[in-house]
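We call the chains A, B, C and D, going by the order they appear; numbering starts again at 1 in every chain.
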Amino acid sequence: MRRSINTAAAIVGIAAVVALAGCTTDPSVTTPTNDPPPTEEINWFDQAVFDKQDAERGVTPEGPEGQPWLQYINAEFTDTSAFASPGAKKVCFANASISNPWRVTGWITMNQQLKVLQDSGAISEMETRDAQDSDDTQIADIDFFIEDGNCDLFLISPNSTAAMTPAVERACATGKPVIVFDRGVLTDCPVTFIHPIGGFAWGIDTAEFLIGNLEPGDKVVALRILPGVDVLETRWAAAKKLFEEAGIEAVDYFTGADPAEIKKIISDELAKGDVKGVWMDAGDGGVAALEAFEDAGVDYPVMTGEDQIAFLKKWQSTGITGLAPVYSNFQWRTALLAVQKIFAGEEVPKEWILPQKPITASELDAVLTVNEGMPDGHYATFGGEDLPGYPEVWQQRIVP
Amino acid sequence: MTAPILEARGMSKSFYGVEVLRDVSLELAAGSVHALVGENGAGKSTLMKILAGVYQRDAGQVLFDGAEVDFTHPIQAMRAGLATVFQEFNLLPERTVAENIFLGREPRRAGFVDTRGMANATASLLGELGIDFIDSNARVASLSVAEQQIVEITKALSFDARVIQMDEPTAALADHEVELLHSIIGRLKARGVAILYVSHRLKEVFDLCDTLTVLKDGALVWSGPTSEVTHDSLVRMMVGRAISTYFPPALGTTTVGDARLTISGGGNGYVDGIDLEVRAGEIVGVAGLQGAGRTELAEAIFGAVPFTRGTVTLDGRPVRLRSARRAVKEGIALITEDRKAQGLALQQSVIDNTLLVIRGVFASRTRTVRREAPGILSSLEVSFRGLDQEVQFLSGGNQQKVVLTKWLATKPRVVLLDEPTRGIDVGAKVAVYQLMRELANQGVAILMVSSELPEIIGMSDRILVMHGGRIAAELEPGSSEEAILAAATGTIAGSREDAA
Amino acid sequence: MTTTTTTRPRRRVRLDSTVIVYIALVVVIVIGAILVNTVGRNFFSLGSIRDILTGMSVLGLVAVGQTVVILTGSLDLSVPYVISLSSLIAAETMRGNPNNIAQGVLFALAFAAVVGLANGLVVTKLKVNGFIATLGVGLIVKGYLDTNYQGSAGSVPAEFQFIGATGIGPVPISTIIMLALATVVFLFLKKTRTGHHIYAVGGSVEVSRLSGLRTARPVIFAHVICSVMAGLAGLLLASRLGVGSPTVGSQGGYDLLSIAAVVLGGTLLGGGRGSIWGTIGGVAIFAVLDSVMSAIQFNPFLKDVVRGVVIVAAVAIYTGRGLERRRTRFATKEVKR
Amino acid sequence: MSLTTTSPTFGSRALGAIRVLISPRGAVFLLLAVLLVSVTVLNPNFADPSQFIRFIQRVSPIALVAIGQYFVIVSGEFDLSMGSVITAQVVIAGNLIGQDESKSVPVLLLMIAFGIVVGLVNGLVTTLLGVPSFIVTLGMMLALLGGVFYVTGGSASGNPADGFREIGRGGIRGVPVFDIIPWAVIVLAIALVVAIWISKSPFGKTLIAVGDNVTTQQFSGVRVWWVKTRAFIISALCSTVAGVLLVGYAGVHPSVGRGYEFIAITAVVLGGVVLGGGRGWVVAAVAGAFALEALFTLLNFADVPSTWRDTIQGVIIIAAVAYSAVAFRARRKTRTPQASPISGKEPDPDGDPAQSAHTQQNHGG
């Protein structure tokens, strides 16, 4: 015991010496970064994936007509006959969180789909653990399910890519089927990884739309929610590259998805000079951006938002030249439908790439009628039109 | 007589021009108990704090073991062997006895604090004092006042102190605890420790001390063996001076109204059996030693620490004074003992302090009183740069006047004063006395708690003396300091029955 | 489960606060077990126990460090950002290479100590109270993290991940490490002079000064220890996640939770009294609470409501008790007369 | 020794002004002036009236929370629940008003009532249960957000009807120089006038005195718990009004108002208000808010990445508190500074010994 105290004291001693050496300036202003280790700037841009997704954008998705949540692109199927077995199965769902309107929409859709599958006897029950946006909690949740969940299948919506990988691999090691959807992990052990085409496709769609409607040298303000989320970072990486190639002057800001922050940024930019285009990596606060233009009394920009009802309605009422890229909220349905397929032994795509077709001006009215009466925070591609409880459950936002 | 272990020669000290100690000398012989007596404010504790290294002397020399010493920090004195047991114990309530005694010099074995060794050393030190009922691992907070005092003495012993000063050690002790302290002092004496025993409890001085020094008004009056002094001659030396004439004329000239404040059977955790009456226009003085419960009485009347039994009536109407706010609304004012901590908001301006109670309780009167305030302030001759000067930059006397103004603004019916003139210059004292008399003449009932006997004698129309949380005696206005002192120490039977 | 060396009860009359927190823990466990079993899950299953103990590891490390700081009467709100910083530095120094582990650990703890030293100096030399000083330093570190890191960085070799992922029977290794370090800090407080002086300064700066203590040193030491413990928590998280992450510290809300666990464990927020084992009891209560709420699939939004209410209630119970003593007198804490 | 108030000459008045400018109380106005000038240098048309009025509109919500936080801090407490009160009010407005403009007034009244209840709970738990206010309000922050999201299903509801949002967005148009006077600026002006009136009112002065010395106020018959609780209610109401402005200005989103409590504390500290209470000026707190936003705008124009904002805010907080602590101690060498647990407490020579020094005047013995 005494040795460990000596070592602890030694460590602290060394630290103090290091600190004293480093801390020459007035302590209160010391930023403890005198000589930080080299931080290589993570380059989110991956040319190969960029090209893959660029191609996938063009492919017409196969699968049942009018049911985009069952369609797939360039799918290589895996055989699931090994998992085929009758009877209702128990699903254990490790969810990252329901802390933003997009995830709440998906969560409501998933629960309605669950009711359908329970009635058809495919799923007995789904036990869910919410990690409340914490990597550490989600790892504990997954470990709990492995140990104690007596689950027949693990369904995981990862909180972040790299951090979840070890836990997902432990889940696969149990031999039970694992489904990952929304954000990816750095392993291909899950039976299927369900996700829309991806960030690069979003970036290409939106950048090409803006470039098409603007002249080189025009200014575009890019509004980004927060750093470090791979899904969002890839969108900006792709768009940034295309903007540079097209000579568009793009400047990006982090907004924390706070509409007040967005309005301040736009107002400051408008004070500096005119802004022709607005690009967003997620639709949150898109309406506030447009309102900033109205307050400044300047004409609207060309704008790409997201399939959030608030943005779609504003787009419809203002008639701006806009585009609503989507991150296919219906993937929350696909995840459960995949469970049914796996236990039925039907083959499922190894990487289930769902269609990610942005909403163009022509489809705007049709989409809004389907989502009649839906709250502003709702997402048009929720894909639950044929599920029980449509539309009341989504309108009243009863979060299970 | 062996050479004195501690010699202080020509000690002088003054604070803000107020001279507190003037050319005092003192000698302590090893193995003897030397008393330092004098009434409140005679400079006893100032001399002791200079020796202890808390204050620095203005003039004079201190010789310890024959060598001149100059302690600038109490720990230097402790390490040199001159320990002090203050009235405010320097103990950490949440730590054990052993941890307190060895604070800052924890014994170590192989780099780690030797908790067991510390506890044993403490036990043996306590043993030396004949104490076996204090557990060296007990938390100090769980000990009685007497036990905590013993811990302080033991701590002095652990510095193998050759001189121990004790400041009013028996103030808060019960009788059996006093005897315990004296037996401990006996043991210390036997070990050759010199003890400086500061007290104004004459009985103990005669029982315990070999030699004594008498201080009065910061000056040395007499020093020598206790045997050469009697109780009366000592008291005369301590207080023997004519009552100065700067007290305004007493009761004679004003007609006293009927009973304004009457309390019967009043009591709470601190005071008991309180039956008193203060008539309109009358100043009742409350004397007594430290810890007699005088402040608790004032706070009980004021509702700060309310009575739990007994009844209180104001102008004949029974009132329940459960909170300070209720008392203020009933027209009672309390000028607290510690003006900085309880009387003033030091960062606020003079005018804001004057209006504290008005704004806090009688908000609607703020506008009118705000116009009157400068008048009241000038009537009390408060000197300050401007109404918005922060009160913290005023002298003690002016600060006390601001507190008085704060309460005068509410036009109270009953005014309670707790040590009204403590720590203020003479000019301010006179102003306070005159104000009290003017208030009395206007029919206000005044209850004054004071430790200064001249003040009690000079101002009171009736004198109550408290001892042990009870009203021990009621004396005539002109009574002598000796009588008050005697009643206060509970020695003579000047009890209520025969006085009335 | 946990080794509880209850300190010898000094006075039977006044129940030692550490004992109270363990009684509360048992009560919470009983209620939790009933609740969980009504939902058809077994509270005492291997997975559930491991989930609780894992939940205790990271918060335990942070709370032990927070205990030492609170004992001096100060506070540390910069812990979440120190956790993230240390996880990043460790992961980036190791870069997946097992023989970089020692260097990674030392580097991370060194930087944590620097932040702790900065906290300590701002509190003692610039006389800024703990709340604002550590909030300020925390924000400074947060700015550095947000600017330099765009997401998880670096990688942790499998050998180091071993700590975070495995365990012996139901007890994860991370919990064992946490309890071991808690014992080290417990012994440090009990067996070293600085430890005693940390209690003394928290009890009363005045008495400490009069006893010749240099009162700044223990406070600075306490802040360094607290930051180093947060650094260790960051290392544990790096081992569990396999990577460093700039947000892992703030994701867990460790600043508020660690303070609440310390106070729940009976340590006075004003300093001077408290025990490491009391804090561990507080941490256990929160871990059980979380595990029960997850087991009964409690709505995540309501989880925050329960946490907020429990934190305020826990502190209210303790300060309420403390207040009784003070209410007898307006002015001073202790009864002077 | 009578009452002496000499009329200050111009020289001493100017000297006084300069002294105030560098003292913690006044430094914020100097800082604000410098920042506004440097922003204008970087971007000239920032100074033209129509742009500047927009800047004021933008800062109004933050100035309002600074006012609310001022009253709480000056009474010696902290309110960390302001951000979540704003978020809660924004979400409530979005959900309950929806597109039905006629509901604006009843829902506004409900929001005010909700604000009062939050302030009441914060105040009572702090004063009567004795829980430190920063823990009470942190617990309230956590519980409030969780509760509101649970009730509104993750706040998916959209922006309320435009009529309700007019306060935050619109204004009096067609005004000559400024071409629009936003309602938000008017609301802020009113709030500031009311705040100044409150701080000068008996309640305001009593509140500051409670922050200065709570024992003195208890002995002056003040109901300390009710005074402090009202400060928390004012703070919650300020957050509510800020929420109303933000709903108009920005719209409904769960992250609206996040972190506003720390911005408010930074602004109040920048305004020279002393933490622990007893000293500070509400106008300086508002100036602190404007200075902080001017600084962040300066960073935007200077293309400093917004991720450095927190670092700057951290440095400001420490520097401001350290400066006022140093200045504070320098001016109070003579008396015992507030015995905070860490800062040393010199023994108070004035109090103890000079008990009743009878000087020579005392004739007789």
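As a convention for this text, contacts are C-beta pairs under 8 Å (C-beta built on N, C-alpha and C of every residue); 3 or more make two chains touch, one makes a residue touch a chain.
None of the values given here were measured: they were computed from a predicted structure.
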#### Entry: Which of A-D and B-C has more C-beta pairs touching across its chains
A-D
### Chain separated most widely from subunit A, comparing mean CA positions
B
### Message
Using mean CA coordinates as chain centres, what's the gap between subunit A and subunit D in Å?
### Response
38
## Note on the structure
Note: subunit B sits from subunit A at a C-alpha centroid distance in Å of 72
### Message
As a quick test, compute the distance in whole Å between the mean CA positions of subunit B and subunit C.
### Response
45
### Message
Centroid from C-alpha atoms only, then distance subunit A to subunit C, rounded to Å. What do you get?
### Response
33
### Multi-chain contact residues (two or more partners), subunit A
5, 28, 31, 98-99, 227, 399
### Query
Residue numbers in subunit C touching 2 or more other chains?
122, 126, 128, 136, 140, 144, 146, 191, 299, 301, 303-304, 330-331
### Task
Please list all residues of subunit D that touch 2 or more other chains.
150, 154, 215, 218-219, 307, 311, 315, 318, 322
### Query
Can you name the residues of subunit A that touch subunit C in the complex?
1, 4-5, 8, 11-12, 14-16, 18-20, 22-23, 27-28, 30-33, 36-37, 39, 41-42, 44, 97-99, 127-130, 132-137, 139-141, 143-149, 160-163, 165-166, 170, 227-230, 233, 399-400
## Note on the structure
In the complex, subunit C touches subunit A at residues 41-42, 45-48, 50-51, 54-55, 58, 85, 89, 92-93, 106-107, 109-115, 117-118, 121-122, 125-126, 128, 136, 140-141, 144, 146, 148-153, 155, 161, 165, 180, 183-184, 187-188, 191, 224-225, 228, 237, 240-243, 245-248, 251-252, 294, 297, 299-301, 303-304
### Summary
The subunit B residues in contact with subunit D across the complex are 13, 15-16, 18-20, 40-41, 43, 45-46, 49, 54-55, 216-218, 240-242, 244, 246, 302, 304, 323-325, 327-329, 334, 336, 338, 340-348, 352-353, 355-361, 363, 366, 374, 377-378, 381-387, 392-393, 396, 406, 421-423, 426-427, 429, 451-452, 454-455
### Message
Using the touch definition from the top, list the residues of subunit D that touch subunit C in their complex.
### Response
78, 125, 129-132, 134-136, 138-147, 149-150, 154, 215, 218-219, 262, 269, 275-276, 305, 307-315, 317-318, 321-322, 325-326, 329, 339-345
#### Entry: Complex interface listing, subunit D residues touching subunit B
1-5, 202-203, 205-206, 208-209, 212-213, 215-223, 227, 278-279, 332, 334-336, 347-359, 361-365
